[in-house]
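The same chain A turns up in both complexes below, where it pairs with chain B and then with chain C.
== the complex of A and B ==
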């Protein structure tokens, strides 16, 4: 009855509830988008109807809609329905939603850096955000509020204690109520799964072993017959690029520099690109870590993998292809700066990106779900005995409270609460 | 009082035996528990007997001393009042003051009698002692008949002791049986030399107030070198007192295994070999930092966590496993995601506050 690392990972909620195939992920997003779009349309229509009734003049809402320039010439390819003033709302498409979530995530990364939180807090917060937006649409809940609260939640889960007031004080015009309002909503959407397995923790473990090998203190697994010296020699003679023949042996100190550089590069990838892509949904953290390592130093990673799995192992080839696929995903992200990218090209790309995002946010502003705009009030309404303006409500609340207390007291009695009158007669 | 057999046949037999037994058994039927207590010394008029209220030793009566209490010693069951016991026996063992009784009594053994009839009191004592030694159950025997035979032997011993028939031999066998049973149950217990039970009457016992040097020597000699007068020896086929046919051999319970809080489960890494220490430059500061060490932080915890996280899920191919999971049980797999999916399809937010 021995468990391996894989079995332990299988018990995690990340594996059980938050791992998907790409097809599942796409289907889920499609579904979320569809549902949210329908609701937005219904809610906007309803709101318009009530407003029209209230004002008794249709022109008011008409003019409201009229001063919305620039949607039509935004992204033509995404619009399912052309926006007509006063007609159907033009909702975001799945691709646009994904783009927006990515933007939120990037902003959350900046937010974490701005508040000076450690990277694991920010990383957990970003994963919360991504998980939240897998089942909720940015059209329903606004990204800024959600990401703020996600980071706040991540602080709690990572064991860094910041009170809501302290946290809210870091921003201008944000009250602690605003931070706390969507908290329960997020926690529900996360299905109370707070555990996020990050790959950058494992990176340290991998480097513990790599350093040991470099120093000739290789502890081989049963399948490996190499001695410490042999592994060290092989490692020190590793070429810097794949495909090259084994180079000449470098000194241990020299190699340690290479290890440090690799660590830094891999860690940078894990702390940006890995967070901002779907890698966490698609791959276990170990494979993400190795993929980032592969991007940083391919020969070294392949050598390291060979000490873990013999090339004859049936999963070796499969694992390598999975890791390569993950590496492709990581390197496809904008933040991944490979030496091949030219600076001007990158700047131009960033600029284009920025304008696209601005257009998206503008579009989002017109297709927000009007019911979910004020999260603070929604949260208040959800609470027991919510006092909503007026003493009538207050009286009701008081009466309800009294009733509850009475029922509780009776339930504590030895024979339980009294039976209903008619029930007693029937018995 | 008497041992009851479980089988109907045996019980009828036992009843018959009980019914046709000696006059003592009549006292069994008429036995009555004394209701008297220190706070209520008065007796019911039916059993009021003037002689029972007068101490046979000092002749003082309850009339003069209403708080008088009578005590008996299970050695000879002679009744005397509390003050007499205090007076005679507080300086150590002394012979019974009743004329004709030569037994040595000790103060500690005196007690209040439970039953009105001292014969019943004695029988109950004997039965208690026999029951302590002969404590086999039906499940210890192979057949019901064997068990009934055993019960009959037990009853025979009991009546032998009660009626003082062949007391010495019965006592010896009973003691031997007790010894062998004890040795069987607990082989590591130190073997004590069987001493005659002082609570039971025996003809050989005589007044020994203080053991003289010669007596002590004689005792030591009889217990040590001289062959046992009853012929017990430490041979392999030694006398166990009684031989019961069909008695199952005692199987000692298996020694308890050391407790494992994880029920035998453990973690065995597949992809790495855990080393005691990792000699890396970037941890030297933490390793030597008293701020880390004083709190009891163990670097090995760090190592094992790092390595476990590094390889947790290395051999998991999510796509394959999820498809397998879906195929295997479309019902219960991924409850969370599924319910979320249905909730999303229903056009509602996942709102769990209704649950509570």
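== the complex of A and C ==
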């Protein structure tokens, strides 16, 4: 009476709504980019037309011109449209958008660490961010606001209570309104799927299992005829590189060091590269975990796999090639360092990356959607519209009913109305 | 893989036909996404006509348009519940739970709503209320489209003395409940508010676990959880003693309480305060000691609760036989296994389903033959609108609840 991990995973929203083939992923990004670019162009054109009109009328009285407020300066975050009138707006390409989203994700990782949130919270927040930008473009919604709110929302979905005020106070010049403004936008783009499955616990599980085998307490599956002693002996003599012959048997204590080093290396990959690439969209958590483990210690990972599946099984070969593909994706990320990485090379890479990002952000400034710059105002406008649309009456009735009930309750209460419990609830 | 002994709880084994009526909604939702995904070279003409809506807004509107909202069934501090149906098929009924925007709540979308949506979206099982869809309305209210469950709840059932039922009926209800709990735990979800009025009954008599507003996933070892969960009558002793590390066993205790209530047709362990709750429990099960429950004296509230108390011994088997004749000896054995004070000794949800009680005679009553009551849509409204952990007493006295909508045929 046990559901297999596969059964459980297949009913998850992560599998049903957020798993893609590379082609599907590319097509969705293409579509999002196209829609956003069209809109940016249309909105910028409209804004220019309005401004030209304003300038025409304003030119009559020269003094007025200086006071004409730029609409785009709503929140003062510098999103000015290009000065060249009439010139076509140069929008971001899909690749550029992806690059920017990757940058947002890296910043979000830093943000989570800065706030001292547990890694699952930050990891969930980053996946929210990636999911959000699958259906929205960085040209439409600003990365900083969105990632801040994604991390806030992730706290809530992971069951950690942080008030918007406490959270906003961690940053300079951020109000709780700014934190909350894009929340609906985000949950809508997430299609109200709040559950993100991570590979962290799986890695811990594999580590514990391997440690048991090292101690000679192997619990073999039906396909495996190895005894506890045989499995232990094989494991303790594992070569450090694939293809090499079995090495000299080391002591259990010695081997523990190798296990710990593997765990730490794999864990580091899961906490960086796995979050900052498309891994979650393309692979289930277990495969991401195995890929990170493979990067950390290939012979050990192959040994681990052999305890799960007979190496002769066709599934074994298929799984291994999938894991290798995932490992290639993870190791392709800039954050990945192996023993063969040269320090100077990495520094040069980081520097190049930095200047590329700076250029991109500069380009983004010129193709932002002018309608979506001030999310706080946009959010308020949304609520206002809705009230005007007729739910006002309902709300009024609701309020009256609540007041009536409250008054009645207070009248019933011999000791009079209850005193406010704390300052926050008073009034 | 093995199957549960009674009624396989696996909803849709992978690879089988997905789109039977129950899953049609989800399949459809998927199809919509797939369509939008499957466009390899999007046409430029996608902007006009979308009214300037984001892709996400369009998807949301698409979901919202699939449902028609009807009369208001109930309103609480937390939500308003409406009856409703699918637009394309008015005979497909749903309940629409609109989460209220709380002006006092300054932290955006409420945690209860997030938890409920998060867990119900992941859990798909015949004994767990189905979440058909979620959408938001213009005024930024979130609405949950839930399964329509018109026949009241388990608490109403035992309270309604115009209905008589026997041991086989209890076994049937209890089994559906235990499968729901087992499924939650297999998915690493703790419900943390199991009680009679969170167990709703569908038109065909199936028991469905609802209200996941207090649910959470299993914590990593060593990480604290709150002990202030589960409605008091159903709260296990370790939580009352301030334990912050726990697992599925807390739900098993609550489940045991619900089964006990079904058998005696009254609250099993009622009390007025948390402190009294502990003493009510100890009246039946004795005061735990290091001997009966290793480690208990280290729990936060142990000293304050039992430091100076005279020892109290648990009731013997005769108490159980006298009080629970409807359960039979095997049923009593199961119940006592679910209600062990020491959570380490308590049965797990899996062990509960492996108990011989389920397969021994009498066989559980078939769903279609179970006694039913006309709880009516109103009850569903009342049950769904509550915030987790709320106790309501004397509900049956309210006239409105006696209205019979249950006779309403699909």
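In this section, the second predicted complex is superposed on the first by the 352 of 427 C-alpha atoms of A that agree within 3 Å, B and C clash if a C-alpha of one lies under 4 Å from a C-alpha of the other, contacts with A are read in each partner's own complex, and residues count from 1 in each chain.
Basically, a residue touches a chain if its C-beta (ideal position, glycine included) is under 8 Å from a C-beta of that chain, and two chains touch if they have at least 3 such contacts.
Remember, predicted model here, so these are calculated numbers, not experimental data.
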{"item": "Combined model on chain A: chain C and chain B, fit or clash", "value": "clash"}
{"item": "Contacts of A:188 with chain B and chain C, given as first, second, both or neither", "value": "both"}
{"item": "Which of chain B and chain C A:207 touches, first, second, both or neither", "value": "first"}
{"item": "Touched partner set for A:335, first chain B, second chain C, both or neither", "value": "neither"}
{"item": "Chain B versus chain C as contact partner of A:156, first or second or both or neither", "value": "second"}
{"item": "Chain B versus chain C as contact partner of A:93, first or second or both or neither", "value": "neither"}
{"item": "Contacts of A:165 with chain B and chain C, given as first, second, both or neither", "value": "second"}
{"item": "First, second, both or neither for A:10, with chain B first and chain C second", "value": "both"}
{"item": "Chain B versus chain C as contact partner of A:176, first or second or both or neither", "value": "second"}
{"item": "Touched partner set for A:30, first chain B, second chain C, both or neither", "value": "second"}
{"item": "Where chain B runs into chain C (options 23-31, 77-85, 167-175 or 329-337)", "value": "329-337"}
{"item": "Doubly contacted residues of chain A, that is, touched by chain B and again by chain C", "value": "1-4, 6, 8, 10, 12, 16-17, 20, 24, 28, 31-32, 35, 38-39, 135-136, 140, 184-185, 188-189, 191, 193, 201, 382"}
{"item": "Residue numbers on chain A that touch chain B, as the complex places them", "value": "1-6, 8-10, 12, 15-17, 19-22, 24, 28, 31-32, 35, 38-39, 135-136, 140, 184-185, 188-189, 191, 193, 197-199, 201-209, 211-212, 215, 217, 219-221, 256, 282-287, 289-290, 308-309, 315, 318-319, 322, 382"}
{"item": "Chain C - residues contacting chain A, complex", "value": "1-5, 10-14, 26, 30, 33, 36-42, 44, 46-47, 52, 54-57, 59-60, 104, 106-109, 111, 114-115, 117-119, 121-124, 134-140, 142, 182-183, 186-187, 216-217, 220, 350, 353-354"}
{"item": "Residues on chain B engaged by chain A in the complex (per definition of touch)", "value": "263-273, 275, 278-281, 303, 305-319, 322-323, 334, 336-337, 340-341, 344-345, 347, 349-353"}
{"item": "Parts of chain A lying in touch with chain C, wherever the complex brings them together", "value": "1-4, 6-8, 10-13, 16-17, 20, 23-24, 27-28, 30-32, 34-35, 38-39, 42, 135-136, 140, 152-153, 156-157, 159, 161, 163-165, 176, 179-180, 183-185, 187-189, 191-195, 201, 371, 382-383, 385-387, 389, 391, 425"}
